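The structure follows.
Chains: A, B, C, D, E and F, in written order; residue numbering restarts at 1 for each.
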Amino acid sequence: MYTPIEKANILMEALPYIQMFHGKTIVIKYGGNAMINDDLKKAVMNDVILMKLVGMNPVLVHGGGPEISQLLKRLDIKSCFVNGLRVTDEATMEIVEMVLVGKVNKGIVAQINQYGGKAVGLSGKDGQLIVARKQFAITADAHGNEIEEDIGLVGEVEKLNTDIIDAIVEKGYIPVIAPIGVGVNGESYNINADTVAGDLAVALGAEKLVLLTDVEGIFTDVADKSSIISSLRSDEVDGLIKEGIIAGGMIPKVQCCVKALEGGVKRTHIIDGRIPHSILLEVFTNHGIGTMVEKA
Amino acid sequence: MYTPIEKANILMEALPYIQMFHGKTIVIKYGGNAMINDDLKKAVMNDVILMKLVGMNPVLVHGGGPEISQLLKRLDIKSCFVNGLRVTDEATMEIVEMVLVGKVNKGIVAQINQYGGKAVGLSGKDGQLIVARKQFAITADAHGNEIEEDIGLVGEVEKLNTDIIDAIVEKGYIPVIAPIGVGVNGESYNINADTVAGDLAVALGAEKLVLLTDVEGIFTDVADKSSIISSLRSDEVDGLIKEGIIAGGMIPKVQCCVKALEGGVKRTHIIDGRIPHSILLEVFTNHGIGTMVEKA
Amino acid sequence: MYTPIEKANILMEALPYIQMFHGKTIVIKYGGNAMINDDLKKAVMNDVILMKLVGMNPVLVHGGGPEISQLLKRLDIKSCFVNGLRVTDEATMEIVEMVLVGKVNKGIVAQINQYGGKAVGLSGKDGQLIVARKQFAITADAHGNEIEEDIGLVGEVEKLNTDIIDAIVEKGYIPVIAPIGVGVNGESYNINADTVAGDLAVALGAEKLVLLTDVEGIFTDVADKSSIISSLRSDEVDGLIKEGIIAGGMIPKVQCCVKALEGGVKRTHIIDGRIPHSILLEVFTNHGIGTMVEKA
Amino acid sequence: MYTPIEKANILMEALPYIQMFHGKTIVIKYGGNAMINDDLKKAVMNDVILMKLVGMNPVLVHGGGPEISQLLKRLDIKSCFVNGLRVTDEATMEIVEMVLVGKVNKGIVAQINQYGGKAVGLSGKDGQLIVARKQFAITADAHGNEIEEDIGLVGEVEKLNTDIIDAIVEKGYIPVIAPIGVGVNGESYNINADTVAGDLAVALGAEKLVLLTDVEGIFTDVADKSSIISSLRSDEVDGLIKEGIIAGGMIPKVQCCVKALEGGVKRTHIIDGRIPHSILLEVFTNHGIGTMVEKA
Amino acid sequence: MYTPIEKANILMEALPYIQMFHGKTIVIKYGGNAMINDDLKKAVMNDVILMKLVGMNPVLVHGGGPEISQLLKRLDIKSCFVNGLRVTDEATMEIVEMVLVGKVNKGIVAQINQYGGKAVGLSGKDGQLIVARKQFAITADAHGNEIEEDIGLVGEVEKLNTDIIDAIVEKGYIPVIAPIGVGVNGESYNINADTVAGDLAVALGAEKLVLLTDVEGIFTDVADKSSIISSLRSDEVDGLIKEGIIAGGMIPKVQCCVKALEGGVKRTHIIDGRIPHSILLEVFTNHGIGTMVEKA
Amino acid sequence: MYTPIEKANILMEALPYIQMFHGKTIVIKYGGNAMINDDLKKAVMNDVILMKLVGMNPVLVHGGGPEISQLLKRLDIKSCFVNGLRVTDEATMEIVEMVLVGKVNKGIVAQINQYGGKAVGLSGKDGQLIVARKQFAITADAHGNEIEEDIGLVGEVEKLNTDIIDAIVEKGYIPVIAPIGVGVNGESYNINADTVAGDLAVALGAEKLVLLTDVEGIFTDVADKSSIISSLRSDEVDGLIKEGIIAGGMIPKVQCCVKALEGGVKRTHIIDGRIPHSILLEVFTNHGIGTMVEKA
């Protein structure tokens, strides 16, 4: 297909990136289409295996995909949403945890192992990895006053005990993490996977945080694919939100990047998980994918 | 309640056992009533924490309890049984794995951590811990010829990769293991927890294998509680089965013990999990509980 | 004797203490009746072995018991005392050292080993463990002026080189220490064992200092056994001495505790060595023994 | 130049090779045009850096190139040859060693370091790496009887002390080795670089031996480029020599491969160093270069 | 005193011995005049310190010197002897142990430390170093039949647990060992120091065993100092005993050497401890001292 | 030749120096007659081996001796000098490097190994040990203004990467260093060996810097051998230069010592390499050789 010289050139293009990220931790939030489409799944697993093999420390945090909703539906458990957050009662939480930890997490682990990697799955309960506390939704009452609304077992990260990650990384395993937190009484909390990825990147002193999404990046003009903003300083974010250029579901993702940067992560990337091997292209080539958010 | 001298005597009774089992691995199959009753659960968790603290290496393998059946029932998935083994199609397997790994396993882990221990849960997929192959049920056809009947995703252990257990034990964690095996194509297998416990005891060079059950032990006369057989040599087992003294569900448990003894495990115990702290009493006191099966 | 449930309860009572003191150093001054009575001796040895087995680091400092006086008497060496301190000339010192190091210390070591522990005896000369300087007795001359009186080879700690303790503790041995100091010219000094225990507790960063005595503790009314002071803050000590509640031989013991607390030791205990397993009861049960002196 | 998908495909093609050779030693004989042409030199250095970064252990053995002859000529030192071996007197040996060790070796080291690798150069004298003995040329006298002819300080490997290689590899350096041996009296020997590479591959338990040459490989018909023999079993070698297909300077190279295979090296390759990145293509792609000699 | 060139020559003479014994264990039995005369004592201590500093592992086993008899005499304890062995009742044993461990051992330790070494003293009780059993004297009854005579607490080595020696040697200390054994019930045994030294040399895989004595060596003609036998093969010993050339107290010393040689010790030396620095001269110079016994 | 007692005395004289320098680094600049005369060479090699064996860490930096000039002459390459520094064009540099690295360095290495030591040679290129930059000669123009004159590839130390030295020292090798620096583009620089030795002594935290020269030391009256200045404070240097007592080639040597002292080296010595074993005498005896420069 390719001439030897072409192959060599592309491998050589990867060399400086391999040097640069040697021994560095890269936290990847894995979600969206890349979790559903079989080819994309396989590509992500292989990208992560390659990163590990060449001396990087990839850490995978995954979301739940459509499988949580499917099982809730089969069990006829209805959910309501506040500010886009699912109100999570105990019956719902039980299903969320079973799907995330017992199905999605172990599915990823099995697949990495099948392709020749060595993965171990962790829930936030293992070794008290993710200690969480209740999160409230901020809404407004009838008078427009800000109020905290109880949305059940939705949590935010209180403390990360990364010893267990260190232990398994040291032995050559790739950690795969389900974003379930554990409260002081052993109760489970559902936490946003982007947030867990960002907080973990800070706690692990990661070099990079990569968020896989289902969009191509941020555009100054959504209608014009050529207007993609390939790189962005963290102090530009507020302005772009006000202008409406960063909008909707992209807002929390970008804020998650800004928070990670403030915590010491070097670079953060919001990339299009629908492109096969998008992580590999981002990490190993000159060909930047999506939008990079850097420290101001 | 007790005088100081009484307390001291009991603590002193434990001393030789602590010496004897220092640094030794003890595999415990955790199941039955001890997994359902809250007081018994708490007692088991604390027994395991105490073992770990005094220098032993407890490894917990758990069964599924009634929760698998409950969820299957809620989802209206019906099971048929061959030779007492649940025929496990893919839809069933998915539920079995979610409950075992996402609910039961993490529940145990959270509870140990809450009581001051340090636990990490593992499925057989993590680090390829339990590689499994398909198991068939042996039945007879119309002519009385022995045939292998396909019972779906029921598996038996093919290989145990215990590196991941070593890695986390070395860092001070208690491993809690769900008996899910992984096949060559990454598919999940449901494996009997007693079998996994026995095979793990052999693979880890364990000193003891302890099976928690819901019976008091083996009796020469079931009607007579005083006829309990407190200790048994492995070469007596066949005879006792023929005599009907070892019968029903006790047969595979005793055979599991015999197999572990043949694999090098020093002592095996079938104990009554309905007695609070039965593990602790078995391991730390003169007061043997249930039936011990020893090498001939 | 005890029901299984009673045994389990008492073992469980020990669990939080084992957790609390895991990996912590506990220095024990061993003296008085507990060194003479055979049953008490055996109990102390076993308490120490149990502490070691469950992950604590016990360090034993012993006194000389009545054996020094016996040998001095057999050799017709007479002693005079200043302020309760034996004036120690070279001939006396030779006997003191031979008895402490060659008889008492090795007797304790042999006994611990016989009961299944692993002990190594050290004098302050081994690895220059206890470097000492001459101590003077403070008395008054005919005019009531304070003068330093020469009492021979009585010493005080100048420097502790605890490397040798670390080396043997790391290999799993229990150190048993004779309170002999060594001067700059290699000469021997007799040092008070309580003082050595207290200074060692500070140098080793110990969690606890336990002084075994022949009294039940400190009483507000000696005639009334129920008036025992079970706990005491270090800033209350001076007042209690003035009131005469802490008096006689108890004064230096309490002051030794106060000094250890100032040096960073967490808790100090003056306990009744005449109660069998008093150390074990103090360390492993809710049942406090004697008087605890804590930091103000 | 290439689409992202093309880049990803080529990187993915390297993945199984990176997995296969992780932690494995690969000995490369570096010589010929690849040592003269600046672009080829740079390509080789980068190939080696890439191998090191992705977890392989490349070990470079180099020849002398034309620089030895140039300096001998400038100094007007004439050489005669027996069986193609330069008769090496002391004056010649001095020059050979200075050029190989002081110029060629350090030039390679400096270049690897300049491109971001970490190299250390070694002569066979360093840590007694290559202990040598005198080699004789086998010729015939006037009567056709085989005789050993003295050709001076030409040596063969007697013993390899690879400790120094292990020491520097363990610290992350790439060893670069000049084929100078040292005799029992400290005298220098000139040894054939292919031979040193082959013997080192055996001593280091290497996975691969790669000999860079200035030919494309072995052809059944030299005139027909399509007749290249891309793979060859060691038991076919003698036949091919007899047929004249393996001839001239290729004979000792192939014999060197056979000897390495007999010593336990897994695969050996004679590749065309005139193709840029030929090592990289051989090691990381499906695109075999030159002729592989495998164990029968 | 000496010219620089003389000093340099003598230091250079030591070089090959330092190379030869680097990292090797040398067990020295220290006794006789070298333990009494102050200058000789100082010389021995310094020899041992020098050996340690240049990378050898000296292990000192000492006897009791005249101090045991002195204290027994002061206490009016009388001893009788059988076959030259002191019949050792409990009262005697108590004194022997106190003097050996509490006085002689710690005196040596203090002196080594004072001269800048790092020593730790051990009795056979520490870490169960020397496990002993009762030894009987072989005498004859009235009819000339061989009988075993009870001579009390005289012991022979049953087992050596050298872990404690390894632990302190590893940390840079010189072990100084009193030849007291411990029986199964914790009782003390008096053991011949030469025997302990010989058995330890075997157990530690020593390179050399050096026995310090008060004679110049073995002479073919005692009256003729020039007839010293400077080296001797172990198979010559029996003949020399029969000839009466090896006689009296020298017999057990030579037999101790032979036993050590059979146990794998490389060389054994019986040297004159009355010559200052005799150990140093034996170990570091061409000037052999006394008689060397080598393997046949 | 010497009596045993004389030998013992001299060995004992070395003891305190061996204690003092145990584990300490001693950097030795090796040059002058000691590199030419065969007996002196052998003596230096043996001194260094002895230092290593007794626990010191000698590091050898060598100059080039007359061999550079000889080869330049044979090749008819002429040099001019500015301020005593050879103007070094590329052709000259090539020869300098080949001789220093390929001949002198490996000659020293081979000799140390032959005498029983373990040496590894390093150029400043190995592991980027000596990163250098261009040095200019400071001269004056016709108007007496100070100007920087280009003298080609003469360099000064910019940075020392001592990792490679640590790696080989840790494995027991003696590092032998050729004073060749490497520039940012991989080009070679010729650096003064005294300067490299001084800078390395600082970078390695050396205890001593020893410069071997061809003079006996510094004299207040050169004509009077008894006027040697055996020790000198760094703050006396400027005065002695002004007085002309320190003059000529001795000035940069003394300044090199002063710089090393300012960088934390404890003591520096300028000693007469023409005395056999002068290093040994300086390091191991009371007999100071040459002139010591100490911190003020």
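One rule holds in what follows: contacts are C-beta pairs under 8 Å (C-beta built on N, C-alpha and C of every residue); 3 or more make two chains touch, one makes a residue touch a chain.
Labels paired with UniProt names: A, B, C, D, E, F = Acetylglutamate kinase.
Keep in mind the model is a prediction, meaning the values are calculated, not measured.
Enquirer: How many hops, at fewest, get you from chain B (Acetylglutamate kinase) to chain D (Acetylglutamate kinase) via touching chains?
Expert: 2
Enquirer: In this assembly, which chains make contact with chain A (Acetylglutamate kinase) and also with chain D (Acetylglutamate kinase)?
Expert: Under the touch definition, chain A (Acetylglutamate kinase) and chain D (Acetylglutamate kinase) have no mutual neighbours whatsoever.
Enquirer: Can you work out the whole-Å distance between the CA centroids of chain A (Acetylglutamate kinase) and chain E (Acetylglutamate kinase)?
Expert: The mean C-alpha positions of chain A (Acetylglutamate kinase) and chain E (Acetylglutamate kinase) differ by 71 Å.
Enquirer: Centre to centre, by mean C-alpha position, how many angstrom separate chain B (Acetylglutamate kinase) and chain C (Acetylglutamate kinase)?
Expert: Those two chain centres are 47 Å apart.
Enquirer: Return the distance between the CA-based centres of chain A (Acetylglutamate kinase) and chain F (Acetylglutamate kinase), expressed in whole Å.
Expert: 58
Enquirer: Would you mind listing the residues of chain D (Acetylglutamate kinase) that make contact with two or more other chains?
Expert: Not one residue in chain D (Acetylglutamate kinase) touches at least two other chains.
Enquirer: Which of line, ring, star, complete or other matches the graph of chains that touch?
Expert: Graph shape here is a ring: one loop, exactly two partners per chain.
Enquirer: Using the touch rule from the top, order the ring's chains starting at chain E (Acetylglutamate kinase) and going via chain F (Acetylglutamate kinase).
Expert: E, F, D, A, B, C
Enquirer: Report the residues of chain A (Acetylglutamate kinase) in contact with chain B (Acetylglutamate kinase) in the complex, numbered from low to high.
Expert: Contacts found on chain A (Acetylglutamate kinase): 74-75, 94, 97-103, 106, 109-111, 113-114, 118-123, 125-128, 163-164, 167-168, 170-171, 173, 180, 182, 185-186, 188.
Enquirer: Once bound in the complex, which stretches of chain D (Acetylglutamate kinase) touch chain A (Acetylglutamate kinase)?
Expert: Touch residues, chain D (Acetylglutamate kinase) against chain A (Acetylglutamate kinase): 1-2, 4-16, 18-19, 22, 43, 46, 49-50, 53-55, 116, 275-277, 280-281, 284-285, 287, 289.
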